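Here it is, the structure, as structure tokens.
Every chain is named by a letter (A, B, C and D) in the order it is written, and numbering of its residues begins at 1.
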Amino acid sequence: MNKVNKIAILTSGGDSPGMNAALRAVVRTGLYFGLEVYGIMRGYSGMMEDDIFQMDSRSVANIIQRGGTILKSARCKEFYTAEGRAKAYANLKKRDIDGLVVIGGDGSFTGAMKLQAEFGIPVIGLPGTIDKDLYGTDFTIGFDTAVNTAVEAIDKIRDTADAHDRLFIVEVMGRHAGYIALHSGIATGAETILIPEASTNMDDVIASLSEKEKRKKLVNIIVVAEGDAFGGANEVAKVIKERLPKFDTKVSILGHIQRGGSPTCSDRLIASRMGYHAIEALLAGKSNVMVGIINNEMSYTPLEIAIREKDIIDEDWLRIVKILAS
Amino acid sequence: MNKVNKIAILTSGGDSPGMNAALRAVVRTGLYFGLEVYGIMRGYSGMMEDDIFQMDSRSVANIIQRGGTILKSARCKEFYTAEGRAKAYANLKKRDIDGLVVIGGDGSFTGAMKLQAEFGIPVIGLPGTIDKDLYGTDFTIGFDTAVNTAVEAIDKIRDTADAHDRLFIVEVMGRHAGYIALHSGIATGAETILIPEASTNMDDVIASLSEKEKRKKLVNIIVVAEGDAFGGANEVAKVIKERLPKFDTKVSILGHIQRGGSPTCSDRLIASRMGYHAIEALLAGKSNVMVGIINNEMSYTPLEIAIREKDIIDEDWLRIVKILAS
Amino acid sequence: MNKVNKIAILTSGGDSPGMNAALRAVVRTGLYFGLEVYGIMRGYSGMMEDDIFQMDSRSVANIIQRGGTILKSARCKEFYTAEGRAKAYANLKKRDIDGLVVIGGDGSFTGAMKLQAEFGIPVIGLPGTIDKDLYGTDFTIGFDTAVNTAVEAIDKIRDTADAHDRLFIVEVMGRHAGYIALHSGIATGAETILIPEASTNMDDVIASLSEKEKRKKLVNIIVVAEGDAFGGANEVAKVIKERLPKFDTKVSILGHIQRGGSPTCSDRLIASRMGYHAIEALLAGKSNVMVGIINNEMSYTPLEIAIREKDIIDEDWLRIVKILAS
Amino acid sequence: MNKVNKIAILTSGGDSPGMNAALRAVVRTGLYFGLEVYGIMRGYSGMMEDDIFQMDSRSVANIIQRGGTILKSARCKEFYTAEGRAKAYANLKKRDIDGLVVIGGDGSFTGAMKLQAEFGIPVIGLPGTIDKDLYGTDFTIGFDTAVNTAVEAIDKIRDTADAHDRLFIVEVMGRHAGYIALHSGIATGAETILIPEASTNMDDVIASLSEKEKRKKLVNIIVVAEGDAFGGANEVAKVIKERLPKFDTKVSILGHIQRGGSPTCSDRLIASRMGYHAIEALLAGKSNVMVGIINNEMSYTPLEIAIREKDIIDEDWLRIVKILAS
């Protein structure tokens, strides 16, 4: 067991549903193991501005079901400088905080790594990102909720597509990772799914749509990740409108609704489990790792690798998508 | 009682949730009163192309809860010409169809009026539009669902706004009527609501936001109807970003998700009630009127007036909005 | 204008979705008009136990979308005695509270009337009940949410009913008022709806089901209000199983889920509007009345009448139900 | 590759959300590989009654998002006899159907095994059960939806529990498997979770509640699987009411709503993936196995083992539950 007595916790980067469930688990597990637990408001901003407060069990009551994060989140440029981090760390130091849990994505982990390197404080990362763009875990907190929100939205769009025999190009979130597009596209019976991880052959898309037109299948959904190399939904629509003017083509960009909402059961579970194990990891002397779940076992991936490496999307899925949308 | 024996029904214009519930009510009430009932596919397009089929009770089974419209909808330019309408009417005539129920909005009613004027066929309109932009009814089929969809979406956006202390400009549907913006804005505690029916004083908006900034109230939602004279959400955001650069301002355009989805209880009820009374109205010899509900009583407004006149939005609401968002 | 300077607010009886939206409106409108506003915890219990605190604008931030009530609710037997009420009123008196807003149903209003009669304090009631069992208003706070929750639940049950060709008897809330049953039954295409306000002829129900069996229509939903004179869903099922043993008959009692959840747009709107007008009414010197909405206008019904009189359910609806479920 | 030319598919046992998505995948993948595909109505009943029809791509259009099963399901006693099965198989034989895909749970698989044993027809099982009570797969089709439905329901109940400082005993489905209880209980912050797989020490439950009462934590949720050895929610409530009369204890039995509804993204994905691989398995000569997913890889478990063996619930979770609910 590590000598950890006082820990702090923060959420950083884009918020994701389940962050509150993770906070609850970290705080209550910490208290259970006899630690003092401090909450830091607005990520590294609050650390620098000394917006830090002690948390008890009640601090996290009735939040497991809430979207967003009660500790708030923010970007903080000053923290990118060594001076900024020194100032921020001083606020932990003066409280004798000797462990830090960071819930967020790659930017958040980068900050945590630097704090650890410069001041030796043990840090544990929890993967809080709707995009599922971290290596070393089958799940990230918020992904399941985001993808279900996308599915519900596309189901609604399909009602309209179906009523009007329309082709809808729907853009979902995912700058570097196409998982939201891939999962929501499969789940809504999309004709084609365009993602950053696979190259898009627009000729194939056009050919497939033309063939469907002949069979009088006019209702089609194409799901595009915002980070697809071809461009977002508007770019895709432009090409299709030019080459298939007969189609009644519309665009829908789902946008920020994908970040919010009450977390799904799965997101609450993994957040709870990861939060519990973040404390166990700290107590076991682990540091500089992200807590993840791989094949239903806990995994601990160095933060650097969690950020740098990329999952490989199984391109088989893209083939299956075509078969099932036939 | 009118001598009506065979009626046809169609849905036209933008689809709205509850159209299927209305179809079910029209078909089953018609059958109950001994009529033959025909469904016309894709609105006036199907009427012209003779895509017409006889419906029975089973045709509308298990659809009351479905968004969209099983009869589909479409725009049809040819129908704007007298020749087009003659061709279309011929397809009713050859089946001895002597009554028509049209579910849709202003364009759909215009078509119905012309058919009635030119060929004498009795027509009844049902208000199927999410925008609530018809005169002579407290409810239109689909409005309640659309506004609840908007509210759920804005609730999700608020989670993120709250996590990041952000100002969100949310654009909802409503080209000529601000009801979706007004209702969803009140229901989500919006700071300001911009609608076509009221002039927007951007200086007031800026002043109010500045005053809130001083009080450290940084989380704000502004709801904008797409048809607001100032422009949509992007225009509003441009001005605010210029004049209040400190605010973290984001835009979200809800778009087509507002049209789809399973109808709310209220939309299913009014659709059922209006559908029932559409048949009663036809049998009672009414024609050229829209069936509506005013103060919980059925009302029958000439189609021409339903299209032309405008409800007056109670500007008191805009004052209350400001008080409640304080 | 009345000389009201300090008001208190409480929620009492069964909680209903929208109570928080009403609290928010009362508090912020009160503050806007320069009043001091006090919150009383757990209804009359908290009044007696002096669990009263001053509220500001922030006290009601971010609650418009929450189910339940942040002021909590409770039953309080001691308050039924004159001594109890004297003790409770003393806690208002010592703070110079000279106005009271009570959100709740008949029991809550009875308490308010007694306080008014015995101590002269002006009281305003807001109809907070999912059952819509108060006279003098077209809407009660929470009804629309409850009925939509029931509809969503019954839609799910219909999936299963449909998969198994089953008859489901679904019991919804409503001890003295059948509105939840009536609205949710119409909206889900129920075969029959049993409510306290109409007598149930079980022979007719059996005959109708038998006739449907002959037509091979085996999927049927019967919606029963818990307060129906025939008994709840289990009683109804017992009779049907005896007399129609061939039917695969199942019971589902929806229960407490009908009380909770995020309020619908409509509930948030009427709660906001009523909350605003509760303050206007107090300032205008009104007392002992319930704020309601009739035909889209504010109405003010003496509490005694709001409790005692009953709405008449339009039995026409029950006839339409039969036609539409055919 | 196996010589399979014509396959049939059926759904059997309790319906579960995602069965339609699985049907769609099986049908379209079968067609893609050049097979003829037949649908059998109402499980083994329809097989016996020759209610079998050929399916094309359109047969499964627009169903991926629908709860229930378009092929319906039923129990069939006659099929338990050798004569019954011979009669049923004859209807496959006469169409030269040489492969069968069965979507369902243990009873459905038992039937499939017998058909295979008696007539040599290759059979593939897909795990369609909300209870997750089959061995050899991390997911069953419908579980994720059911558990999310339970979570949403319990969230609503918590609103009311919180408003009234109540203890709620919530019963969820699960006769032999406690997964729905376990997952929904963790996700809703339940105080205790009672499941068939773990023995319930009621003294501990009482002691924990008593301790919480001292800390004034009166709002508590206990989630009970219907198959818990102690008895269902009503039994648990009886004991608690006797031993802790001060608690305001209520029971809610969620019941059949857990079976229906539009499937979650995850259920649609696994259903699609399993459906695709059911065909691949048949073509590869596999038989008498259930297609499952273990650690994100396809797995093929003999039907007999899938039925007989049991997963072991990680009791660690029950300990974490206590820590997190503190």
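In the analysis below, a contact is a pair of C-beta atoms (placed from the backbone, for glycine too) under 8 Å apart; a residue touches a chain by one contact, two chains touch by 3 or more.
This one's a predicted model, so the numbers in the text were calculated from it and none came from an experiment.
Comparing the CA-atom centres of all chains against that of chain D, the greatest distance is found for B. In this assembly, the C-alpha centroid of chain A lies 35 Å from the C-alpha centroid of chain B. Per-chain Cα centroids separate chain A from chain D by 28 Å. If you average the CA atoms of chain B and of chain D, the two centres end up 39 Å from each other. Counting partner chains per residue, chain A shows two or more touched chains at residues 155, 158, 162.
Shown here, the protein chains touch around one cycle, each chain meeting exactly two partners.
On the side of chain A, the complex with chain D involves touching residues 21, 24-25, 28-29, 31-32, 57, 62, 64-65, 138, 144, 147-148, 150-151, 155, 158, 162, 183-184, 186-189, 262, 264-266, 268-269, 272-273, 276, 295-296, 320, 323-324, 326. Every residue of chain D that touches chain C in the complex is listed here, in rising order: 11, 14-15, 17, 19, 42, 66-69, 72-74, 149, 153, 155-160, 162-165, 168, 250, 252-257, 259-261.
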